[in-house]
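Read through the structures below before going on.
The same subunit A turns up in both complexes below, where it pairs with subunit B and then with subunit C.
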Partner chain A sequence: MTIVVAYKWAPNPQDAAVRSDGTVDFTRAKSTISEYDPVAFELARRVADSTGAQVVGVTVGDASIDTSLARKAALSRGLDRLVIVADDRLAGADSTRIAAVLATVVRWIGDVDLVLAGESSVDVTEGQVAMTLAGQLGWLGLNAVSSVSASDGGYAIERDVPSGTVSMVVTGPAVLAASADAVLPRVPGMKDILGAAKKPVEVLSLDTLDVPSAQVTLTTVSTSRPAAGNRHRVIIDGSDPTAAAAELVGALRAAKVL
Partner chain B sequence: MDFGLTDEHELLLDSLRELLERECPESYIAELDRTHQAPMSFRRALHEAGFASLGFPEEYGGTPCDAVTLMLLTERVAQQGLNNGYGMELLQAMDILEFGSEDQKAEILGLLATGDVPFALGFTEPGAGSDNSAMTTTAVHHDGIVTFNGTKTLITNALDAKYLLVMAKSSDRGDDSRSAISMYLVPMDAPGVSTNPLEKIVWYTNDSCEIFLDDVTVPETCLVGVRGNGFRQLMRNLDLERLVIAATCLGLAQCAFDDAATYATQRVQFGKPIGSFQLIQLKLTDMAIKLENMRNFVYKTSWMVDQGIPLRSQGALCKRYVAMAAFEVADEAMQIFGGIGVNAQTRVSRLWRDLRGHRFGGGTDEIMVHIAGRQILREHR
Partner chain C sequence: MSVSSQTWIVVADDPAVSGLVVAARTISAEVTAVVAGRRATAESVAAAGVDRVLWLGEPAEGTPVEAYAPDVARTVADAAPGAVLGSSEGAGRVMLGAIAALLQAPVLSGVTALERDGDRIGVMRSVFGGIAERRDLVTGGPAVIALAGGEISDPTGLAVPVEEVTANALTTGRLTGLRPKEKAPVDLRAARIVVAVGRGLKAKDDLALITDLADAIGGELACSRPLAEGVHWIAKDRNIGISGQQIAPELYVAIGISGQLQHMVGVRDADVIVAVNSDKDALIFKQCDYGIVGDLYTVVPALTAALAAKP
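Our next item is the complex of A and B:
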């Protein structure tokens, strides 16, 4: 039995800069495992530890995602092995294309009955890859997953929805997108990091994978920041705290905030 | 010459950063400082994540680790703003792991595993600071037991420690030399041991105490290592201690510098950020030069340890320079903050206080001259 963790090697948002037009500049950011993916690693490891399954990490992207550091970063988070598709033809690929390649890799790995992923990537933040992957595989897809554990013949899953928490049991293969606060991922220690270099890595060529050709081309025409809103620019003299507090409350009431 | 970090260094620092964000934010450190508490929960988190056993031998559940890596971690914890947050327990453990009995090793490692402070180092006395051979605490061996009498002072972490690693003179040696000094692991709750906390202006997250030993009698199994060899045993890890202190100072100074540089971009006076004034830029530039020097000194010295190159005066030179330069950086950082810097709630005021303590903790600036100066002359005869 195999559990796949689909993750992204993405720019670190701590290194990002905000341009004057409000857009985010990631060009100088170092890459790291996308911020929302460690949750998926942790859930996968916990399920695998209880079932004896193998955890395989899968990532696809341009050539820059395959570095020694990137491999060890992933393998130090509880993976048993790693599969990478690194090809510059995937640079800037849309979520459907990414999902198509991931689906092909999942089929290539074989004997996979669970795929876990983060809720979205930290840089693109579309939140579509996991569910598109489920569709590509013809599997059940669930997002907002807060808990998953092995159950008789399948998995027990909890999802946080606006009305509360839904508990369900799933039989058959599924793709689950974990919510960002589903679980607190463990921090890789020295032993995990040193052991990472010894774990197997397979790099697959995009040309050898039978990925269906893209049916649609996607071109981003423009981006714009949200409307700035109507700033009142009220400055209150704070030298008299009591009077300042009263004035602040009055201003907030006038703005219908309170 | 490759000054880059290895993949393992980067990943380890990344993990530590995650742990610090979760378990040791500034609000936690500030509260500990305000209430004079030790960072127990952070220590436990470090242990659970495997960081606390780095550098220990594998046969004792540790992961062997080189000095460069240990100093990188020590610096990073200090850069979070936490003084003495990493490395000190390793030093303590090494004293016991190298010279202690199996029972002593098991006891100390067990305490470390729970995030406790295994022991406080009972070395300094009212009349014996830098001149440690002037200590007067006695250890009288008789009938399979040892009786201690004496006073220790400025003992760090005494209130939290389960044991005191007492350095005392065996009474039948009859001389004042260092060869009379032996090392003993004495329970802090042994009858006759009493403590008096000292109110100090530095290191609020580490208590300092006077410890009075009045006819404290414990089994002779409390001896650590060889009788009469205590001073030599203690010296064995002193260079590593100086390096840990230097890495701590480097991290704290970096924290102060980053705070000051950020403040200089935000504080507006005379219609401009104060960072646009040349005098502030001069301060920041000289601070940056000192940080670069400190960093090079710490990691060159760590590299020498890893290569097995005898340090000779290097450890003392490093500790002296880094402790002094780090305090100068914090002092200039406080100057950049102006009146806000002396507010007790600001981080820079805490960093300034804590760095001042390192100019005598682990050996004074002046004793480092004494150590290094003699070595320099020896090398030039």
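Our next item is the complex of A and C:
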């Protein structure tokens, strides 16, 4: 029985530089485990502790995602082992390409009953890869998952939807995208970090994986910075709060906003 | 793969499709909807301004709509439309994922404009959380696009027939219950004025300061992500930003919010943005119309008082 955690090693766009032509330079931005992925690690570890399953981390991306810092960051989060595909041919890969590679790795690992993933990535923020991975595998895909526990014949799931909380039982392999607040992930302690060094890591070559090729492609016609937005940027000194409030309310009334 | 000039919309039991229909109409004269879920959803979509509705049949007791994703994908792939639009929220992503995998096509998100360029679809997108924009042309097959679903349309009066087609839903998931939320979710998109609070607020009890301001100004309460999902001081449906609601109120008042792009992307289209922050270098001061540099604990009560005073 194996639970896979599909996660991303990625930079925060807040740290990227956007050139005047709209292209984005991530070279000064440091990558970390993507913001909401620790939730998936935590859910996987808790379920595995109750069932005796193995937790395998999987991540795919360009060559820069395979560093000892990156490996340790993942392995210290409750993984039993780690599988990486790091190839510059995956630089800038879209969600369908990433999902296609992840699917071949999941099949290679074998005997996987659950893939857990975070809500969305810190850099791309689409929330799509996990559900396309479900499509690539032909498995049930569920998002907004707020709880996972082992249950007779499968897993009891809860999903957080606008109208309330849906409860489900999953009896076959599935890909679950966890909601960002499903659980508060534990912070890796010294023992986890030291233990990480002893856990196995396998690096798979993209050439040995039979990844379906893209059928539909994009041709970029232009890139640009977002329109600055013509905000007035009237700044008021708030050290005299009463005066500042009077000035602001006056301005908003004059502008017919209030 | 050659595609038709049709646009398809995929519906995962959510009848709020006005956004999808409007977008589809900008690029196609022929719009077909494939609906997974209850008959009532299919009938609502049939009156929402589409030309054709294919319905995958009433789900058997306990079958989640996500179980129909492979059927939806197969139906779309067989038709090979020029574009497929689905909701960027909830089960819409599951449908789009199955379609993307079957067609080996990217799902385009953050779309700000859609157009037809001869027999190709052109897409303008906001990328990397909103820091840049790109225009792409789609080649080799259908453009698969995630968009905000929109509203439930008023029936146009012209309801097309609902055509039932066979489906083989996945059987690996079963619904066992629904615990409704105690309060109905708030729709911040309908609010003319929104007052949002961020990490500048030090304690949950201090929220009274902000709600007093919201009441005085006639606005709805909202927040940045940390207050909804970090400390859970405010309900998730009031979170503004890339992972929450995107709104365009007449007035947006941001209290103790630094102005990170993941939040500001949620109010880019607000008419007027006001900020209160104690840090004169806060990012938000470059993205607001009016900003007060000061301590929210003194400025906010002063604003509440100034609003209560007769003009």
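The rule is short, and it goes like this: the second predicted complex is superposed on the first by the 202 of 258 C-alpha atoms of A that agree within 3 Å, B and C clash if a C-alpha of one lies under 4 Å from a C-alpha of the other, contacts with A are read in each partner's own complex, and residues count from 1 in each chain.
Going forward, contacts are C-beta pairs under 8 Å (C-beta built on N, C-alpha and C of every residue); 3 or more make two chains touch, one makes a residue touch a chain.
What you see is a predicted model; the values in this text were computed from it and never measured.
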Contacts for A:L133 in the overlay, against subunit B (first) and subunit C (second): which applies, first, second, both or neither?
second
Subunit B versus subunit C as contact partner of A:M1, first or second or both or neither:
neither
So, does A:A63 touch the first partner subunit B, the second partner subunit C, both, or neither?
neither
Would you check which partner chain A:D237 touches, where first means subunit B only, second means subunit C only, and both and neither mean what they say?
second
Report for A:L194: first if it touches subunit B alone, second if subunit C alone, otherwise both or neither.
first
Tell me which partner touches more residues of subunit A in the superposed arrangement, subunit B or subunit C.
C
Between subunit B (first) and subunit C (second), which does A:V203 come into contact with in this model arrangement: first, second, both, or neither?
neither
Looking at A:L252 after the superposition, I want to know if it touches subunit B, subunit C, both of them or none. Which is it: first, second, both, neither?
second
Figure out whether A:A91 sits in contact with subunit B (first) or subunit C (second), or with both, or with neither.
neither
Could you give the residue numbers on subunit A that contact subunit B in one complex and subunit C in the other?
none
Residue positions on subunit A within touch of subunit C in the complex are 13-14, 16, 18, 22-24, 94-97, 99-100, 103, 119-120, 122-128, 130-136, 138-144, 156-157, 160-174, 180-181, 212-226, 229, 231-239, 241-242, 244-246, 248-249, 251-253, 255, 257-258
Quick one: which bits of subunit B touch subunit A in the complex? Just the residue numbers, please.
7-8, 10-12, 14-16, 18-19, 22, 49-51, 54, 63, 65
Across the complex, what residues on subunit A touch subunit B?
32, 68-69, 72-73, 76, 184, 186-194, 196
Show me the residue ranges of subunit C that touch subunit A in the complex, using the header's touch definition.
1, 64, 66-67, 69-70, 73, 88, 90-91, 93-94, 96-110, 122, 126-144, 146, 170-181, 185, 217, 228-229, 232, 236-237, 242-243, 250-251, 260-262, 268, 271-274, 276, 280, 285-295, 298-299, 301-303, 305-307, 311
